[in-house]
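Supplied in structure tokens, the structure appears directly below.
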Amino acid sequence: MQTHKAKRVVITIESIMQKRLTDTLESAGVTGYSILPVLGGSGRSGAWSRDGQISRASGMVQVVCIIRKERLDALLEAAFEVVDKHIGVVTITDVDVLRAERF
Amino acid sequence: MQTHKAKRVVITIESIMQKRLTDTLESAGVTGYSILPVLGGSGRSGAWSRDGQISRASGMVQVVCIIRKERLDALLEAAFEVVDKHIGVVTITDVDVLRAERF
Amino acid sequence: MQTHKAKRVVITIESIMQKRLTDTLESAGVTGYSILPVLGGSGRSGAWSRDGQISRASGMVQVVCIIRKERLDALLEAAFEVVDKHIGVVTITDVDVLRAERF
Amino acid sequence: MTGILDLALANLVSPVILSFVLGLLAALGRSDLTVPEAAAKGMSIYLLFAIGFKGGVAVAANGLDGTLIATMIAGLVLSAVLPFIAFAMLRVLTSLSRIDAAAVAGHYGSISIVTFVAATSVLEGRGISSEGYMVAVAAVMEAPAILSALWLVSTGGSGRRMDKELMREIMLNGSIVLLVGAFFIGAATGEEGLAAISSFIVAPFTGVLCLFLLDMGLVAGRGLRESRGTLNIGAVAFGILMPIVGSLIGLATGLIVGLSPGGVTLLMVLSASASYIAVPAAMRVALPEANPSVYLTLSLGVTFPFNLTIGIPLYVALSQAVTGG
Amino acid sequence: MTGILDLALANLVSPVILSFVLGLLAALGRSDLTVPEAAAKGMSIYLLFAIGFKGGVAVAANGLDGTLIATMIAGLVLSAVLPFIAFAMLRVLTSLSRIDAAAVAGHYGSISIVTFVAATSVLEGRGISSEGYMVAVAAVMEAPAILSALWLVSTGGSGRRMDKELMREIMLNGSIVLLVGAFFIGAATGEEGLAAISSFIVAPFTGVLCLFLLDMGLVAGRGLRESRGTLNIGAVAFGILMPIVGSLIGLATGLIVGLSPGGVTLLMVLSASASYIAVPAAMRVALPEANPSVYLTLSLGVTFPFNLTIGIPLYVALSQAVTGG
Amino acid sequence: MTGILDLALANLVSPVILSFVLGLLAALGRSDLTVPEAAAKGMSIYLLFAIGFKGGVAVAANGLDGTLIATMIAGLVLSAVLPFIAFAMLRVLTSLSRIDAAAVAGHYGSISIVTFVAATSVLEGRGISSEGYMVAVAAVMEAPAILSALWLVSTGGSGRRMDKELMREIMLNGSIVLLVGAFFIGAATGEEGLAAISSFIVAPFTGVLCLFLLDMGLVAGRGLRESRGTLNIGAVAFGILMPIVGSLIGLATGLIVGLSPGGVTLLMVLSASASYIAVPAAMRVALPEANPSVYLTLSLGVTFPFNLTIGIPLYVALSQAVTGG
């Protein structure tokens, strides 16, 4: 089938920052994203798990964006602005997409 | 370690279509997949979040298939048939897998 | 923006093995990972879904590690040791990361 | 007239309605208050089980009166016919496409079980009894409207979009199975069964309903916020007129069938209410081209709040006036 | 004989059992009815807390009688020995591999706390009292069977597959900790503590049990559907014979130890029931080669429904007949 | 003195406290016992709704006495001022950075609603009444402390890190909206409303509180285990001294304002308690450089258990002694 090149950006970030991040992404022209739950993890700031949390301050989510290559830089700059001071991981992968007219 | 080339197909689709999609994939010879929950997202049809839903009509899931390259086209055609009229995103990535005899 | 090459390893494994896997990864020098929930799936051992489970014996999770290329083999060997006898899938993808100093 | 207003006011100043209003306001004010999905679903299972069980116990206690079959058939017919009336009204009042109008129409033939539950709790509060089998009538009214909607789309080619799998999904959807199943359990175990579990399904019922409606308010409010601009004035007018029209048709039907005053009220409520769970799911499968925010906003954002606050006391007053009950 | 049948029938036509049957039928009919995982886990926490607490209060009220220690030891021995009997029966009745048979055997030495809860609620309904510390006996019986199963696999090399971590996980698994913890809280706070929370843990108990068993029925039914063809007739026969054999051994043990009629019944139920939470988890870690659908289907799909519907009234009748209680 | 000890002991041997201790021990012993997130959140919604509603009903019953406004203002001031005292103590007792110290200080000006709920349940158990509007005072005390903390960081540049969006999030956070909303519903529907739902929000209240505190114990225990070594002895001392200091300031304020003995106790509890939900969330947004495990461990791992077990009976005894109530 006919596919097209695109980028898949995954931003792992604290739940409380989710809305700020997606608002920023939208201002940077990102038109689509999906949010995945994260159950727990470990990093420089130690290990955590959703079951060990009482506060909405502490869970994390993954924000996944499929985006055209030419828009990648705008997205990364917007994301970086929000993620910069916060814990979080940003990865970029090459993907092929069906129905590219959607992106 | 010994790894093998394969494809990772991620189909983001409405929950109500999940069973129809996996049934179709199975008829197309797909032998394995995993389902991930999606908490919310945004796209051409607007933003949504699981907390804002009362109906089983409206959540989404990701169906993830690891598949050999030679079977990719059969999978994509099967997926497309289901996804076509529905909202949803299909991406394909190159991956290496351990224990390739499983796929 | 400045990005760096890395590897994204996704290990789909039974929930009960999660702690054993992450402990093993940590001993192998892995410093960060995230855990994603899996709602259901299908493979050689049949189909399952979280709703059809009463027991903590039966759910699955995805352990996602972003790791430098040079550490990949240590990770895979550690993971393989745990996954070997158990059901589970291991995939590796090339990714670019922001803030590489973190990995 | 002041009687109806007093009644409406009394209905409004109840914990149940105010909880809904609280949820609505919180969502409109963009508070982050949320009821977890699992907790909301757990409460809905509780409510369906309780209402079905109590209906079954009532049937076991009073026996089946002769109107049962007639009411069931009346319910089937109402559910199948109301979408045509709704469709006609939509074509006059709004500029919705044929497909969107048909999808909306299907919702209004079907029912909202939470509206039904709220109505039974109002009736109970005012000491008006009703036929226990009305929960079974509610179950019967869920599905036929969907077929009518699909028929409206295919203009007579009937069922092209309806496959066996979808049919099974609709008939065996969780709410129907639970409601009807609990009804049979209640009918089988009767007063004795009720005694064993009444401190679970009777005593805390109204309280659980409050928290459930809090969540409904949150969801309705979020829906309204997200779909601002989706509905024009004509659509909103439909969302308020249609339940009134439906309730009057339900009133006439209930009188013909010979229901008690309480039963008439419940048939009015069923006819007036619009589905926001079963029918949207079916429409997403069968009519993916129809815009979900139109039918969800109308049903959950306009008609549900209307029925809950103004509709129910109005229907109670009307049926009391007409039946002299 | 007709006495037992009447009893069985009375047991069957209770909201608790019928809720289970409803769940089973809904799942077999492929309804999409589901109880959210979090709600089900929440209910199981409620049930464990309530049953443990009430046991503790009973002990605080009646004091510890001399049979406590003896019953504890009896429980340990039963749990450790029953797997050998189960294993022998499996080798005769089925063609399961050594590893699968050992894994299954481990489940039948251990216990199902929900079956225990259902039995206490039947006893309560019939006004038969029992030793409060039986919940502690239940806790004691969870783990030893796992060691026996692993021993059976390694044919004497004992524990090769058992590491310290797994041992800790089994001993401190959530259900045991909650059950035993609540038992001690009940024992420490006594009647006064019970008075403070009885409208939470006593009054709605049976009702919560209904909804919980509804979910168990759904899960068991889905399991049966997904694993069609896994079990042959020999395996199914084992799933029904083994609980009867277990209950008889429990009966003898209870009489030797000198339990009250109610206590004897509960020891029979514990011996007859099979684990479907703690043991499967341990087996997945220690015996990943064993096929989980064999042991889960047998324990949850065959033995659990059997015990719930026919087993419990049978055990009650037997112990009444033998003890003359 | 022995009076206080007896009281503390009686408080300790209650199902509520022992449930918390059970959770704490289970987590420290690395049991896998967990309460699902959705169930815990569901229970917290229940508790907030119930406590708010009952407060509103009390106000409807007794009318508003003149101290309402004064107490509200006092709460605002306490919340704004306590962080400065906490900050000063932290600089003396610990070597925390300015930012970490300010973040911690913000938590101690704000409040823990669960500690408040536990205190009302102790007061109720001992037949001490209090002003119904204290729940509104609790709501008022949540936010000002956050502003003080941010002011402490920016040493006077005030609010640089506070934007409108964060302000809105803090003021309309779910807990506040639910608590205040339920308060108004209770005030509007009064005794009649309470009668309709009291078997839901009154009868099972203490029992739900037990299970909720079981989860709090689990979370606190896991937090303590994960952050071993985060706190030195000075920090722990702060976590115990600060609530005592806070309670004394609350005592003085309550006396000045002219609250009843029960009201004085509750103001002491509010002053003594530290936030672990609203403030941490705000701090993660506004002060991401501050180390969350410092403030969470102190507030949830040290001060919360201290208040629950020793603090509350101490504050009750103190206020009784001083007011002679």
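Here the chain labels run A, B, C, D, E and F in written order, and each chain numbers its own residues starting at 1.
Basically, a residue touches a chain if its C-beta (ideal position, glycine included) is under 8 Å from a C-beta of that chain, and two chains touch if they have at least 3 such contacts.
Because the structure is a prediction, the values reported are computed rather than measured.
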Touch-network distance, chain C to chain F, counted in steps: 2
Copies chain B and chain C - rotation angle from C-alpha fit, nearest 5 degrees: 120
C-E or D-F, whichever has more C-beta pairs in contact: D-F
Distance between the centres, which are taken as Cα means, of chain C and chain A, whole angstrom: 19
CA centroid of chain E to CA centroid of chain F, Å: 41
Inter-chain centre distance, chain C versus chain D - centres from mean C-alpha coordinates, in Å: 46
Contacts with two or more other chains, residues of chain D listed in rising order: 32, 34, 36-39, 42, 199, 203-204
Junction residues of chain A - those touching two or more other chains: 36-37, 49, 56, 93-94
Interchain contacts, given as pairs of chains that touch: A-B, A-C, A-F, B-C, B-D, C-E, D-E, D-F, E-F
Chain A residues touching chain B - in the complex, by the definition given at the top: 1, 3, 6, 8, 22, 26, 31-37, 61, 66, 93-99, 102
Chain C-touching residues of chain E, taken from the complex the two chains share: 34, 37, 40, 165, 216, 218-219, 222-223, 226-227, 276-277, 280-281, 283-285, 288-289, 292-293, 296, 300
Chain F residues touching chain E - in the complex, by the definition given at the top: 13-16, 18-19, 22, 25-26, 29-39, 42, 125, 199, 203-208, 210-211, 214
Complex contact set, residues of chain C against chain B: 12, 36-44, 49, 60, 62, 73, 76-77, 79-80, 83, 89-94
Chain D - residues contacting chain E, complex: 36-39, 41-42, 45-46, 49, 53, 168-169, 172-174, 177-178, 181-182, 184-185, 188-189, 193, 196-197, 199-201, 203-204
